[in-house]
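Multiple structures are listed underneath, in structure tokens.
What follows is subunit A paired twice: with subunit B in the first complex and subunit C in the second.
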Partner chain A sequence: MIERLAPEVVNGIVLGSFYAIVAIGLSLIMNLTGTINLAHGSFMTLAGYLAFAIMSRGGSFWVALGGAALLTMVVGVAVERLFIARLYKRIPLYSLLLTFGLSLIAEESFRLIWGPSSVPFAVPTNLQGSTALGNIVLPTYRLVIMGALVIVITALLLFLYRTRLGLRLRGAVQDPDMMAALGTNTRVLYTVNFAVGVLLAAIAGIFAAGLLGLQPTMGNSLLMPAFITVVIGGMGSLIGSIVGGLLIGLTVSITTLYLPAASEIVMYVLMAVVLLVRPRGLFGEAGIFG
Partner chain B sequence: MRLRANAVGTSLIAIVLLALPWLLPAAKLNISLGTTVLLFALAASSVNILLGYTGLMAFGNAAFFGVGAYASALFAIHTVPSLLPAVAVGSIAGMLSAMLVGPFLIRRRGIYFSLLTIAFGQVYYFVAYRWNDMTGGEDGLTVQRPPLAAAKGVDDAQFYFFALAIFALFMVVLWYVLRSPFGLTLRAIGQNEVRARYLGIDTNRFVYFALTLSGLFAGTAGALYSMSINFAYPLLMDWHQSGDFVMMVVLGGTGTLWGPLVGATIYALGANVLSSATEAWQIAIGALFVACVLLFPRGLLGLGSRSGGAAPQSLAMEAGAEPVALAAQGYEPVAQRDLG
Partner chain C sequence: MSAAPVILEATGVRLAFGGVRAVDGVDLRVREREIAALIGPNGAGKTSLFNALTGFFYPDAGTVRFRGEDVTRMPNWQRISRGIGRTFQSPSIFPEMSVAQNLTIGIQSSFRLSLSLRPPSAGRRRELEARLVELLGFVKLERLRDRQVAELSHGDQRLVEIAMSLSTSPKLIMLDEPTAGLAEADTSRILSIVRDLHDRLGLTVLFVEHNMRFVAALAQTVTMMDRGRVLLDGPPSVVLKDPRARDAYLGAEESVRA
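Now for the complex of A and B:
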């Protein structure tokens, strides 16, 4: 029993960490600027393809990870400066539509450049195979992902809660005008914030490419669970995103074990249940609308 | 003066729509393109009810559209093969699908509302995608277009006029609804929900009614659409489709009666011309979206007039955000805390 369940639990935690990390990126951007970044999935896919390109030119996996993540972040900063920043003064609908348009362009571009089917994204051989913990055998790559994502989330929390820049970001979420009045350049802050969100997406995208296979729609397939994660965790809460992500990941993978047909719908059921019991989400703060 | 201008505009639109079956072949285009424009316009109008008038950023209307499409197709396949009942069943199914998810949506506003509409829209998508026995899963559902009366088939040109009749009926209904006390209440919510609340209006209830009406419009459009293309498939419900509908509204002009029709025309024509010209037409459509958002956010019909339904800013009116104060700052904070 435990031998059968344990890999699914690990699977669920890995999946959940992906959802969490994508959801945190989305949340950061949403909380500060009100932008629902529908291009978030495109950044994940882009990072995957860039890593693939670096590796196919002889770079190692870790070089590809760092290089592609940074390049994707640069693209993210350019997109924010060139397009999204123009819309901060407008209602959120416009940035939603803008990122929607960008994601259409991105997905089709990936298809044109790298083809419609998945490309062979190979993780290094020492990360393949499996590792035995007692009499439980687990895939090594999943354990590596788990470790890496834990490090990333910890680093992010340290950045937000232990650095001055993090403090300013959190301050700007509460009151951007006051932050500006106190002498912080909030335009730069918005860009930094967007870059951090994209960086998280990029890291998740590169690891996901080795796990799920790399194709033009890869990122978008992770985007919807991330939205659900934000809703379940409660908008505006990073802890909520982490807990929500893990909750969804575990629920999905355990459902896959016992009732495969319901594996996609189960997270929506979970969302509906959470919203019925707690309309603001698990860790969301109460507002006048609920 | 304004009334006369509107009357002239509406008559012009009516004349063009009536002449379309002769105009389109002259331009070497298929009549079914005209039908698509009408049905997309109807679906976009369903978004417009929420977005343009009630100030709700709905991003999931394709779900109601798709439910209508499947319901009419299933009805035509499994029961009486007759056009009108099939479309009626699709309309009602679309409305019910909105009423079903409504309780989850009505308590939220702003981007939280958008997120929830996307998420709950995907529920319908996955049901259609996974319920193989009923919906045909990924392959979709092929349906023979049923006859209108007796056993006489309906060809594409006849179907265009059938769709036009229903489209006209719904636009008249929408026009009346928007002028009724109910419609004015919706606009009041769109312009300043907090004020509407202080006036004693149970805004959540009205949002629910707006959703129901929107579901009816979307469901009808979807029902006609599957009858038009003889096909219903899961991607009709995907959030990308919802995004396209929203984009049509914005292209044409939010909060204007004919904006959705203008937007749907641009979109359908653009997609038609581009997809035959290049493989990468999605890039062009995406670029069109980006350009529209950046360059003319009020939409084509919004270019001339400043009024016409809810002004775009009113969508941002979250609790406590004073329009005057916002204008003075020249910046609109997103007031996340108020969203909860």
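Now for the complex of A and C:
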């Protein structure tokens, strides 16, 4: 029983950590600027392809991880400065349409450059294979992902709660005007915030490429569960995104084991139940778009 | 008094929202170390003028000069670092943070530490701490230092706001209805703090207020706005007694309690 359930639980936690980390990025951007970033999945895919390009030129997996994540963040900053920042004063529909358009352009560009089907994104051999914990055998790469995502989330929390910049981001979410009145350049704050969100997406995208395979639609396929994570966890709550992501990941994996046919719809059922019982989400604040 | 140089000067400021001319050609001069009041019925354009003066909205026409420099199109946060502090009409505090954290944000800005990640030196940290203690002492909230602001009374929150506007070390403080919704006892606490801003710290104060006793007790000059324009301008003894001031308030929600 436990031997059969354990891999699915690990699977669920890995999947859930992906959803959580993408959802945190979405949530940061949504809370501070009201931007519903539909291009978030494209940044994941872009990071995957950039890592692939670095590795196919002889870079190691870890070099590719760092390099591609940083390059993707630079692209993210450029997109924010050039396009998205112009729409902050308008209703969220404008940036929603803009980022939807950007995601379409991005997906077609990936198709043109790297082709429509999967590219061979290989994780290093020492990360493949399996690791035995007692009498439970688990895939090594999934354990690595779990560890890496825990480090990333811890680093993010330290950044938000232990640095001056983090204090300002948290404050600006509550009241951006007051933050400006205290002498903080809020434009820079918006850009930093967007960059952090994109960086999280990029890291998730590179790890996901090794797990799910890398094709032009990879990021977008993770985007819908991430949005559902935000809805379930509650907008404005980091802890909500983490709990929501793990909840969805575990529910989907365990459903896959016992009722495979329902695994696709179970997260929507979960969302519907949460919305009925608690419309603001598990940890959310009411009226983010008030 | 009239010999003091002008610290803030608005000339022909206009600001419209859609078809509504919220500020319709306003001239305003505030002299250094002066306490100036801005009064007028609701919708007169006082807060919109504040927003134009502090860069939260750019005026459609006219100029704003602060200490001789044209700041009409300067971003709000930059104006703050030039020496303008302000509060807002609606409570503007970070409710989930402690009193100390609320004040620290502005102090760090004035130390030019707001956007860097490097930890400050030990000496710098001592200066930050000293400034925090000084601000808490000024509004007499030392005992609430580590309390979450959301837990504080309305009056204490108002004092935190004033301390926050002071945290960036401004030359001019602009307060938007500092006593709105406060009980009598809290109003007198605010009154004595605002007087201290001027008398003890030597700051220039410009405030919007509906409480005419508060205006009469503090202001050296009063500017009265109505429908986006300046209606009257002068010492409180003259403006508050002018029949046109009473007429402007008639029909509005407030009554003049001079």
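The rule is short, and it goes like this: the second predicted complex is superposed on the first by the 285 of 290 C-alpha atoms of A that agree within 3 Å, B and C clash if a C-alpha of one lies under 4 Å from a C-alpha of the other, contacts with A are read in each partner's own complex, and residues count from 1 in each chain.
As a convention for this text, contacts are C-beta pairs under 8 Å (C-beta built on N, C-alpha and C of every residue); 3 or more make two chains touch, one makes a residue touch a chain.
Quantities reported herein were computed from a predicted structural model and do not represent experimental measurements.
S.K.: Quick one: is A:131 in contact with subunit B, with subunit C, with both, or with neither? Answer first, second, both or neither.
M.R.: Neither: A:131 stays clear of subunit B and subunit C.
S.K.: Look at A:105 in the shared chain and tell me whether it touches subunit B only, subunit C only, both, or neither; answer first, second, both or neither.
M.R.: First partner only, subunit B.
S.K.: Considering only the touch criterion stated at the top, classify A:165 as touching first (subunit B), second (subunit C), both, or neither.
M.R.: So A:165 only meets subunit C here.
S.K.: Should A:154 be classified as contacting the first partner (subunit B), the second (subunit C), both, or neither?
M.R.: neither
S.K.: Contacts for A:117 in the overlay, against subunit B (first) and subunit C (second): which applies, first, second, both or neither?
M.R.: Neither subunit B nor subunit C is touched by A:117.
S.K.: Which chain, subunit B or subunit C, is in touch with more residues of subunit A?
M.R.: After superposition, B is the partner touching more of subunit A.
S.K.: Could you say whether A:60 touches subunit B, subunit C, both of them, or neither, answering first, second, both or neither?
M.R.: neither
S.K.: I'd like to know which partner A:177 touches here: subunit B for first, subunit C for second, both or neither.
M.R.: A:177: touches subunit B and subunit C.
S.K.: Where on subunit A do subunit B and subunit C both make contact?
M.R.: 174-175, 177
S.K.: What part of subunit A is in contact with subunit B in the complex they form?
M.R.: Contacts found on subunit A: 30-31, 33-34, 36, 38, 83, 86-94, 96-98, 100-105, 107-109, 112, 173-177, 224, 227-228, 230-231, 235-236, 261, 264-265, 268, 271-272, 275-276, 279-280, 284-290.
S.K.: Report the residues of subunit B in contact with subunit A in the complex, numbered from low to high.
M.R.: Touch residues, subunit B against subunit A: 51, 57, 59, 104, 107-112, 114-116, 118-120, 122-123, 126-127, 129-130, 239-240, 243, 246-247, 250, 279-280, 282-283, 285-290, 292-294, 297, 312-313, 315-316, 319, 329-334, 336-340.
S.K.: For a test of understanding, state which residues of subunit C touch subunit A in their complex under the given definition.
M.R.: Residues of subunit C touching subunit A: 54, 56, 75-78, 80-81, 85-88, 92-97, 101, 104-106, 108-110, 113-117, 164-165, 167-168.
S.K.: So in the complex, which bits of subunit A are touching subunit C?
M.R.: Contacts found on subunit A: 163-165, 167-168, 170-171, 174-175, 177-189, 192.
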